[in-house]
Every structure is written in structure tokens, then in C-alpha cells.
Amino acid sequence: MIRLSTTLRCITAASVMVLGQAIAGPYDDHAGTTLVVNFPAHPHYDAVRKILPEFTKETGIEVEVDQLPYLKMRERQTLELGQDEGDYDLIAYVVFSKADYVYADQLENLARYFMNPKLADPSYDADDLIDGYVYNIGFAGGNKGYLQGKTGSLFGIPYGSETSVLGYRKDIFEKHGLSVPETYDEMLDIACKIPELEPGMGGLSSRAASGHHASHAFLLHLAPLGGRVFDDSWNPIVNNEAGVQAANALKTIVGCGPEGAASFGFGEALGSFLAGDTAMFLDTTVVAGQIDDPSKSKVVGKVGWAMHPMGTRRGSQTGGFGIGIPKNAENKEAAFLLMQWLTSKKGDKLVAMAGGNPSRFSTHEDADVNAKFPHMKTFGEALKHADPDWRPIIPVWGKINADLGTTLSKVLTEDLDIQTALDGVAERATAIMEEAGYYTWR
Amino acid sequence: MVTEKSQHPGFYAIIVMLIIMSVGPIAIMLINSFKLDVDIISGSTGLLFMPTIQNYETALCDILPYELDHLDYCALKFGGAFINSLIIALVSTVLTLIIGCMAAYALVRFKFFGRDTASATTLMVRMVPPAVLLVPVFGLWNNEFCIDKASWLGSLIRETFGGRGDVCLAGTHSGIIIIYVAMNLPFVIWILQSFIVQVPRQLEEAARMDGASPFQVFFKVVLPLIKPGLAAAAIFTFRIAWNEYLLASALSDRDTKTVPILIVNNMSEFNVEWGVIMATGMLLAIPPIIFTLFASRQIITGMTAGAVKG
Amino acid sequence: MSNATLNRLTPYVFLAPAVVIMGLALLYPLGYMVFGSFRAWDPSQTLGESTFVGLKNYVTLWNDPNFRESAAVTLKFAFTVVVVEMFIGVGLALLLDRKLRGMSVLRTLFILPMMIAPVVVGLVWRYMYHPTLGVFNKGLKTVGLDSVDWLGQHALLSVIIADIWQWTPFIFILALAALQSLPRSALEAARIDGATGWQQIIHIKLPLMMPVLIVTGLLRLIDAFKVLEVILVMTEGGPGLSTEILALRISRTATEFRELGVAAAMSNYLLILLLMLTIVMLVYNRWVEYRATRAMRIAEENL
């Protein structure tokens, strides 16, 4: 069976070649190659898998997908990228891995591919890619080492990137005459009113489980409330007023949230919104597809979308994934072709139609996409306020993030005092930063 | 002992409760594996639902001969993992038994050191949690236990089996099998010792008089007599190799994933698809359940031999 | 080679494979780990590339409140689980030690939970503890009680209950076997002396079973320190560190925080702890065995 299909593939590849010779297509040299790619288990990449057959049909390049939960994926990549020759030709990496991989010189600089006339598609239109995402996910070496800046260059392309939006139950808000919250005060107020108005329903469902879940939820509130993890000289300032306010907001939200909210991971938080147990959901844009999927959701058609509420400023998150080519990959050029195809205008629209997150401005404005997903407009609007510096992307962030997450979880479940908790985080973060050499230039 | 005729009714109530408690969770898993996610989430408690095998189809999509309508692509590849699990569990069971049997026999018959020392050592080794082995095994299997791909053996392996880079134990079936054999050996040796001790010496001596070599004595006389012990040891080894997650997840690559890894991976944070997970859980649980139903006596023998006689 | 040398070599030939495998895959790794625990070791390095840092990893851990909490959780989990399981398991064995039709079926059903993969046990219990879908909260709701935040506020308790479900049968079966192999003469004698059921249990049965019970308890305790998958699937160690047992913390330190040296040092701490426990239990067992033989002798003399 396998042999037969390989033969068939060879024939298709051959026929593509025969046809191609007349116009000398860019994919000819690579038809028949099998690329091994490493993707996270994530709704966007589920959508990507739906459109990959289209790529194979068009180019003759086969793609084998190894899909893993994202912590697992990172673990696997650490191992694979460290070897002389790796298995993966293309990897999707989570934003904060950028720091590790680029610093360890494990990702290809994309310049040589975009300079190669045989590989780079002139109609690619890189300016159409959303700026915030490109700098957040693809750029390294700019300001602070991880932001946009004159010294930076490109190591990856955002793919499956997200920002945060507020989903709310239109029916519930209408029933009680509530208006959609514009500011943090309004949002917290409504979050705690809901359980009174609708017994059994939680206000806002948020991630809160120990570890990266809790930390993510906290950082989500930190930026709009005017806080930062570090000041400009790398001193931890999570424990300042804004930090305490953000932790308070998280605590209020979890307190007025659905049953068991303190142990919710992302899946449970979303699940509770999908099951109609909560009235609001403040998290990533990635969930939109599932909310409209009747086999998973009981709230199809009842959800409205609004911008992430404002604290002292607007600052929705930037996150998600980018794709890059490992230094030790076998088929780098074919991998670049796949990467370019996926993030091209055509690929971006295809994946958006399949339920993924587009990473181009044009896709957000595309008529077909908007007809299928009316919320795309709001999402495009939210992107304008996406904050690339809502969390630091430095190699030691994983450690600080884990500590922040477990400490916050203690605040939520064991009533640890917020100021004490954050002071502890700041103190331990200082030690970690000191050890990593961030205070060398003092 | 109280005889059968006069049992208090409360006694039967306790027994029924115990049965419900021990089988209940498994029954819940079984029932839910036949429900669609919508039915599970909608929370109708009862047995009133349309049973479907869709969850099993989703899980086994890579080895089903027909295409599935409800799937756009086959994400789970459970079939492949199931085969990996089978290979790893069976090979490590067979190897552990052969090696363990020989070692136990040598320890008992040739009096290397006292049985006390042997069982104390066994206990010490049994004490080592898999998590403790995680770091060193990860390092060794990936970096040290490797064959250079430029060497003749290395290039031979790369040419035959494909793949890239140096040939390392990590990512291969053998890599996982070796660690399982090592982990199970102490326990198997311990159990088998208590059975071999009971084999009458005279039988062996008679065979030797007839001109049998030590190997023949071992295979023709001793082995048949300790079959119950072998059965018990086999089940316990198989169980650990079949169920283990941590080390397998550190050592396997995308082609050698076992079922437990798949299940943990599939509890991903973005959507917990309860129906499919229950179906995969059920599939993983079936072989041990079959063993238990058909060989519970051997299992109990094995358990008690370990503690009571050892 | 002559027959005699072959015979002399036989034991070594029989032992060799076991020694080689255990040396290669158990002892060498343990040595490697001890070596690694003195180094700052990142997963992207080989051990040779890492730098020697002396006792730093051990000291850092010793002063790390998270590690201490995790160690406390481990001890709390292991001892609670073993004590409760011993009580229930031995109690059930004493209760069910009678001639019953269908006893073998019963025993078969009881051992099911411990044969099933821990991963599966974890996922079933995670489902049963689910705040809205789970059977426990649904049950509470039908009775009209408030639902309980199982895996949130009572995570450790919930994890302990799941472990008790899975492993009490182990103790039950071993205790039953021990009971049934007790010398009949001692029991008969006690009955003739007019000892009540309770007196028999406390003065005859339990003391005589003690050596087996101690080994059983010890085996269970060792296994309780190995538990990882069930907790990983149910709570991933959360909320906070409330269920983050050492085994889980080792694996997180190695994979999530990417500090192999620290993880190795932590593994060593865990090994030392287990070693001490094992030795204490073994010594205690010797002592109890001695007392039990004396008790049996006295019981027989009384006959």
C-alpha cells in the first residue's frame, strides 16, 4: 500500500516536473522531497494540517508532521537542535523559545533565503505581515535583544500568532442590560455581578493553574494596567503597584469565576466558556474557531467580541508561534519554500478559512474571511494595540516564568499575600538575572 | 474461620460496595469511550445516549483500511503507537525472563552470595524510582551510547534504516527495551529465586548423571518446573513495560512513541477531547485487563511470592 | 574446552547477561548522575561540556523553599497513602478471611485497578473529579450538597484518594495471603482458650502477620515515592506546588527548567531519603521477626 502510494507520488512528482519544465517552476528541484516538520498541538496548527495536502499537490513536496503539546515540543526541539544533524526541517517555536534558539545559534538567519532569487517569491509582500508579530516572534538582536531595533534581523516568520480579545455572551449581556466593558474596572465589576445575576454562572473564565497558566493570566493584566516585568535596566518591577493591581485583578476574576477556576488550565477555561458556564472569556484569539463549532460548543452564535479592556493603557498580548528553519536541518531550501508558501497571501488566507490565525493585514480585511468569520474585523483592530513587550523574551525567562506561575497559584489557592508573593518573585528573579550576567554593565 | 451459612447481610453490602468501587471507574471510562464529546459535555448522567465507535475510529485512524468522514487528517496515529508498545513490551518481557531466569538459577544453585544479600540488593535496586533514572538515562542514551555514523557499523545502520546523525540508543526501540529489562530484572530474579529454591535438587542431579550439561539441566529440568513463577514474572514485567510513561517519553522519538505517551500528549491544553481520550485509555487498558481476568491466580502468586516468601 | 572448565564457568555465564545489563543501564547511569549532580549541566550540552560547580546544586536545593515544599508534599503523600492503605487493606483482609463462594472472582476484580496503566488511572480520575462533568460533583449535586473543588483546593487529598483506590488491593491481597498461611494450631489454641474475635486479631493474628505486613508496607512506601504519572495527568503538580511530588519536580527541573545538574542533585536527595527509609524498615523488620518467632513459640508452648 505504502509502496503503491509512493509510486503514485513519484508519478505525480514526475508529471509536475514535466509540466514544470516548460515554465521552470520554483519547486522543481525539490519535488519528491519529504519534509519533517515539528508543530505544536494547537488549533492553528490543526488548521495548518488541513491545508498541507494543498501544498503537496501544488509543489510535489511531501510533509510529515510531528505534532506535540507545546512544552513537549520545546523539550524535543532542545534535544534535536543540539545535535549535529537533526530530524526536523522546519519547526514551529513558541515565542519565548526565540531567545534560546537564536542565542544558541540553532536557527537559520532568513536573510540568505530571501536574497536567493530562486527561492524568494517576488510577490510575497513582506510588508503585509503584521509588524508587531514579526518583531515579537521573528526578530532577534534588536533593542533589549528581543524587540524591534536597528541591530536586529529575522530568524523566523510569525505563524499562528495571537493577541488577546474579550469574548462575551451577547444573550446574557442583553438580558441584564449590561454594557460591554471598556475598562478594567468595568470588566471586574461585571465579572463579579454575573454570578449574582445568573446563579451558577461564573463571570470571566481565565487560566489560573499552577505554572505557565497562572503566569500568563497575570501578564495579560499587567501590561494594560501599566506594569512591566523589568524596567529598562533589567531590574524586576513585577512587585510595584501595577503588579499588585494585576495580581488583584486575577484574584478577583478567579474568585468570581466558575467552579474550580483556580485549577483551570487553558483547556478547562475555554471548556467552561464553551459549555456556557461563564459569561466572559479574556484570552487569545485562537479560540474563535472552536466557539463556532457546534460539535464542541454550546454557545454557537451567542458570543460577541470586544477589544481587551483598557487599564491605564491598551496593551493586548502578543504570543503564539513562529516557524523557523533549524541550522541542522537536512532540506533547508525546501523548508523555506514551505515556510514561504504557508505565510504567503494565499497560504494565509487558506489557513484562515480553515480556522487558523492569519498573520497578514490583508487577510484580516479579506472579504471571504470576514464573511466566514465576522469577528476578524475586531481581531484586526485589536492587533493595532498588540504589545510586543508585554513579557520579556530572554533565555532565563522560562525559569522566572515558572516561579511566577507557581507563586501566583499559591496566591490564588492558599491566600498568600500578594505583595509578599510578588516581592519573593522579584527577589528570586534578581538572583537569576544576576547569575545570567544581566548586571555585568553596572 | 466462619462458615458460609451465616453471613450478615451487611457483609454482602460491603462486598457489593467494594466491587462497585473497584470496577466503577473503569466502567465509567468504558461508557464514555462510546459517547460523542457533545454527549459527555451535555452532562446527561444516564446510560441514555447513542453509542458510537467514532472515538475508536479516530484513535485508530492510521491503521483503519477505510477513510473517515469526520476527520480531515489523521492526527493521533494510535495504531503505530500500539504496535510500538507491543514490540517494546513483548521483547523486554522475553529478554527479562530469559536473563532473569538464568541469573536466579545461578544465584540459587551456585551459591554466589547468600540469598539474603541477593534479596537485599534486589530491594535496593527496586527502590530506585524511574524519575531518578530520567536525567542520566536521557544524557547517556542521547550522547554517550552512540555509534559514530562514520564508523562501518554506524554507516551500515544509517544506510539500512535511514535517519540522520550519529546512531544513538535514544529514539530506538532497543533503547527503551534495555532500560525496561534493567528495571525489571531485580524483581524477576527475586521472584524466580523463590520458585527455583523449591525445585528438588535430586531431579537435577539425576539428569546430570544421565550426562546432561548444565545448560540442558537448566532448560529441560528446571524451566518446566517453575512455569507458574515464570508466568507471574512475565505478567509483572509486561505490565511495567506496557504502562511506563516517563522514561519512554524521554527516550522515544516520533517513530517510537508508545501508547502512554500518546495519551498524555493528547491531554493537550487546547482541547481535551474526552471521548477520544477515554477510547485510547480503554485500548491501553485492555491487555492488562485480559491478563487479570485470565491469570489472576498467577498475578497473586507473583505478588505474594515477592513479599511473603522473599 | 574440557567439560570441567565448562562446568566451572557455567554460573558466570548464567549471571553475565544480567550483570552486564544492570551494570550498563542501572549502575552506570546512577554513577553518571552522581557525577552530573556536581555540574552546571544544560540539556543542549553533553556532560563533558558542562562545568564543575562543586556542591552548588545541592546547596541551592537545600535553600530552595520550592524544593523543600515539594519534599514535604512527597513525604505527606507517601506516608498518608501507606498508612491509610494499610488500615483499609488489612481491615478488609481480616473481614473477608472466610470461605466464600466467588472469592477468587472478587480478588480478580480487586486487582484490576493496579494492573491498569497509571496514565489511564490518572485520566479516569481527572474526569471523575471534573468540576462539572465528574461523577463526584454530579453526585453531590443530586443530593443537594455544594460541589467540591477537587483538583483545586483539595488537590492533594484527591490525588491521595486516587492512589488509595489503586493500591489498597495490593495490601489486601498480601495481608490475606499472610492470614491464610498462619499456623492453624496457634489460632485453634486461642479459640479453645475462649478468645473473642477481637482478642484473636490483636493478640494472635496481627503479631504473627507483622513481618509480612512490614515488608508489604515497605514495598508500598517505596512505590509511593515512585508515583508520578497519575499525578502528572491529574494535576501536573498544581495548584501551586500542592501536589508536586519530588519525582515530578525532578522531571520538570530536567525538561521544563532545563537544569540537568540540579535535577541530578535532586534525584540524589530522593535516593538518599529512600535508602534511609529502607534501612530503617529492614532493621525494624528484623527486630519484629525476632519477636514474632518468640510469640509463636510461646503460643505453641501454651498449647
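Labels for the chains are A, B and C, by order of writing; each one numbers its residues from 1.
One rule holds in what follows: a contact is a pair of C-beta atoms (placed from the backbone, for glycine too) under 8 Å apart; a residue touches a chain by one contact, two chains touch by 3 or more.
Source: prediction; values computed, not measured.
Q: Of all the other chains, whose mean CA position lies farthest from chain C?
A: Of all the other chains, the one whose centre lies farthest from chain C is A.
Q: For the chain pairs B-C and A-C, which is connected through the larger number of C-beta pairs in contact?
A: B-C
Q: Would you mind pulling out the distance in Å between where the CA atoms of chain A average out and where those of chain B do?
A: 38
Q: Determine the centre-to-centre distance between chain A and chain C, using the mean Cα coordinates as centres, and give it in whole Å.
A: About 40 Å, centre to centre.
Q: State, to the nearest whole Å, the distance from the C-alpha centre of chain B to the C-alpha centre of chain C.
A: Centres of chain B and chain C (C-alpha means) sit 18 Å apart.
Q: Could you tell me which residues belong to chain B and also touch two or more other chains?
A: Residue numbers touching two or more other chains: 41.
Q: For chain C, give me the residues that contact two or more of the other chains.
A: Only 43, 132, 255 qualify.
Q: For chain A, which residues are shared contacts with two or more other chains?
A: Touching at least two other chains: 79, 265, 268, 275.
Q: Inside the complex, what are the residues of chain C that reach chain B?
A: 3, 6-7, 10-12, 14-15, 17-19, 21-22, 24-26, 28-30, 32-33, 36, 41, 43, 46-47, 92, 95-101, 104, 106-113, 115-121, 123-128, 132-133, 135, 138, 165, 169-170, 173-174, 177-178, 181, 212, 215-216, 218-219, 222, 225-226, 228-229, 232-233, 246-248, 250-251, 254-255, 260, 263-264, 267, 270-271, 274-275, 278, 282
Q: Quick check on the complex: what are the chain A residues that touch chain C?
A: Within the complex, chain A contacts chain C at residues 71, 75, 78-79, 81-82, 104, 208-211, 258-263, 265, 268, 272, 275, 277, 398-399, 402-403, 406, 409-410, 412-414.
Q: Inside the complex, what are the residues of chain B that reach chain C?
A: On the chain B side, the touching residues are 1-4, 7, 11, 14-15, 18-19, 21-23, 25-26, 28-29, 32, 40-41, 43, 45, 98-100, 102-103, 105-107, 109-110, 112, 120, 123-140, 143-144, 178-179, 181-183, 185-186, 189, 213-215, 218, 239, 242-243, 245-246, 250, 260, 263-264, 267, 274, 277-278, 281, 284-285, 288-289, 291-293, 296-297, 299-300, 303-304, 306-308, 310.
Q: Any idea which chain A residues touch chain B in the complex?
A: 36, 41-43, 46, 49-50, 52-53, 66-69, 72, 76, 79, 83-87, 213, 265-268, 270-271, 274-275, 286, 290, 295-296, 298, 330
Q: State the interface residues of chain B toward chain A in the complex, per the touch definition above.
A: Touch residues, chain B against chain A: 36-38, 41-42, 72-73, 75, 142, 163-166, 249, 253-254, 265-266, 268-272.
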